[in-house]
Amino acid sequence: MPYVNIKVTKEGLSKAKKEALIKGTTQLLVEVLDKNPATTFIVIDEVDTDNWGIGYDQVTTLRQAKQD
Amino acid sequence: MPYVNIKVTKEGLSKAKKEALIKGTTQLLVEVLDKNPATTFIVIDEVDTDNWGIGYDQVTTLRQAKQD
Amino acid sequence: MPYVNIKVTKEGLSKAKKEALIKGTTQLLVEVLDKNPATTFIVIDEVDTDNWGIGYDQVTTLRQAKQD
Amino acid sequence: MPYVNIKVTKEGLSKAKKEALIKGTTQLLVEVLDKNPATTFIVIDEVDTDNWGIGYDQVTTLRQAKQD
Amino acid sequence: MPYVNIKVTKEGLSKAKKEALIKGTTQLLVEVLDKNPATTFIVIDEVDTDNWGIGYDQVTTLRQAKQD
Amino acid sequence: MPYVNIKVTKEGLSKAKKEALIKGTTQLLVEVLDKNPATTFIVIDEVDTDNWGIGYDQVTTLRQAKQD
């Protein structure tokens, strides 16, 4: 009965990438903990880069600094 | 002082349905735990069906399979 | 496929009360949104009163003030 | 290594206000707990006022009542 | 900068199993999304079986029913 | 009506430190967003160092490596 919440910045995550995260995480829980995939939930949250901070800065700012 | 987070797939949930969830959950906490409704928070998250996985699959895929 | 997380202060919640919360929330999701109970998860978190703040104060302090 | 999640209603929060929340929360964790800002994450969730309930009511309804 | 929260029932999860979940999830985020492991957080919550409900029932009850 | 969840590793956080986090975070929300403290919740989760991973490793392991 696991529930997994994956939070990443919203930067063009494709449907196929999301599917790969869902399949991979579910597989991991089956292998490591012998969980039933039928009751394993994976929920992906995509967070705007303005709304995610690390080291005092918004990710938006960090991305711009990298490009400069 | 309860805080309740309800996560459901984003599939056209109306304002009235959300209100019913809020009223019902708050009422339950008042009845079962004698909580004060004035400090009972209910937060509903609607999750894109591409972002919710169960049994290795995206809910988007499960919904399509059902219609086929 | 709903996932519900109920956070309350840790103040002697009995197993029966938890069951009442689980049954009541699941029933609400079945009635309001026609969800399948077999894939409806309810997770209850009990939070130490030192770890919950409201109006600048720890709940521990609020409970003591009420008793004085 | 702290992780902080701030949930507020979605009511026109500017990029600068978000930055102030990120900087202030990170600073607090540095001052109070001597945490490393480089591994301190702040994630802000903006929640639609229809999706947030308090005292049995949607925040949307509370805002309208205040204006009447 | 991903943040992953894994919730499972508290049923004797060893330190090595937790490490396997942490390594596997981090690896998945590196492979699928090219994320930096140095800023990838994995947080595991172990939930008492009385506090987890599925299909109207506490997991405690489901485990007992299976043994009978 | 903000709700803030602060997750830190469980490493002897005193009641006074928790109070400082609660007061500081609430004050920040009052100053930056003009929120009402009476309906501002702060919830602190203390996570076992075995259950928190960063850079593929459990924090337990990182703490031991630092001491060696």
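By letter and in written order, the chains are A, B, C, D, E and F; residue numbering begins at 1 in each of them.
By definition in this document, a contact is a pair of C-beta atoms (placed from the backbone, for glycine too) under 8 Å apart; a residue touches a chain by one contact, two chains touch by 3 or more.
Molecules present, by chain and UniProt name: A, B, C, D, E, F = Tautomerase.
Since the structure is predicted, the reported quantities are computational estimates derived from the model, not experimental observations.
Contact with chain C (Tautomerase) and chain F (Tautomerase) alike is made by B, E.
When the interfaces B-F and A-E are ranked by how many C-beta pairs touch across them, A-E comes first. For chain C (Tautomerase), the chain whose average C-alpha position is most distant is A. By residue number, the contact pairs of D-F overlap by more than half with those of exactly one pair in A-B, A-E or C-F, and this pair is A-E.
With chains reduced to the mean position of their C-alpha atoms, the one farthest from chain E (Tautomerase) is D.
Look at where the CA atoms of chain B (Tautomerase) average out and do the same for chain D (Tautomerase): the two points lie 20 Å apart. Among the residues of chain F (Tautomerase), those touching two or more other chains are numbered 1, 3, 7, 21, 25, 39, 41, 43, 52, 54.
Every pair of chains that touch is listed here: A-B, A-C, A-D, A-E, B-C, B-D, B-F, C-E, C-F, D-E, D-F, E-F. Listed in rising order, the residues of chain F (Tautomerase) touching chain C (Tautomerase) in the complex are 15, 18-19, 21-23, 25-27, 37-46. Taken in their complex, chain B (Tautomerase) has these residues touching chain A (Tautomerase): 7, 47, 50-58, 60-61. Per the touch definition, chain F (Tautomerase) reaches chain D (Tautomerase) in the complex via residues 1-9, 13, 17, 20-21, 24-25, 28-29, 31-33, 35, 39, 52, 54, 59. Chain F (Tautomerase) contributes residues 1, 3, 39, 41, 43 to its touches with chain B (Tautomerase) in the complex.
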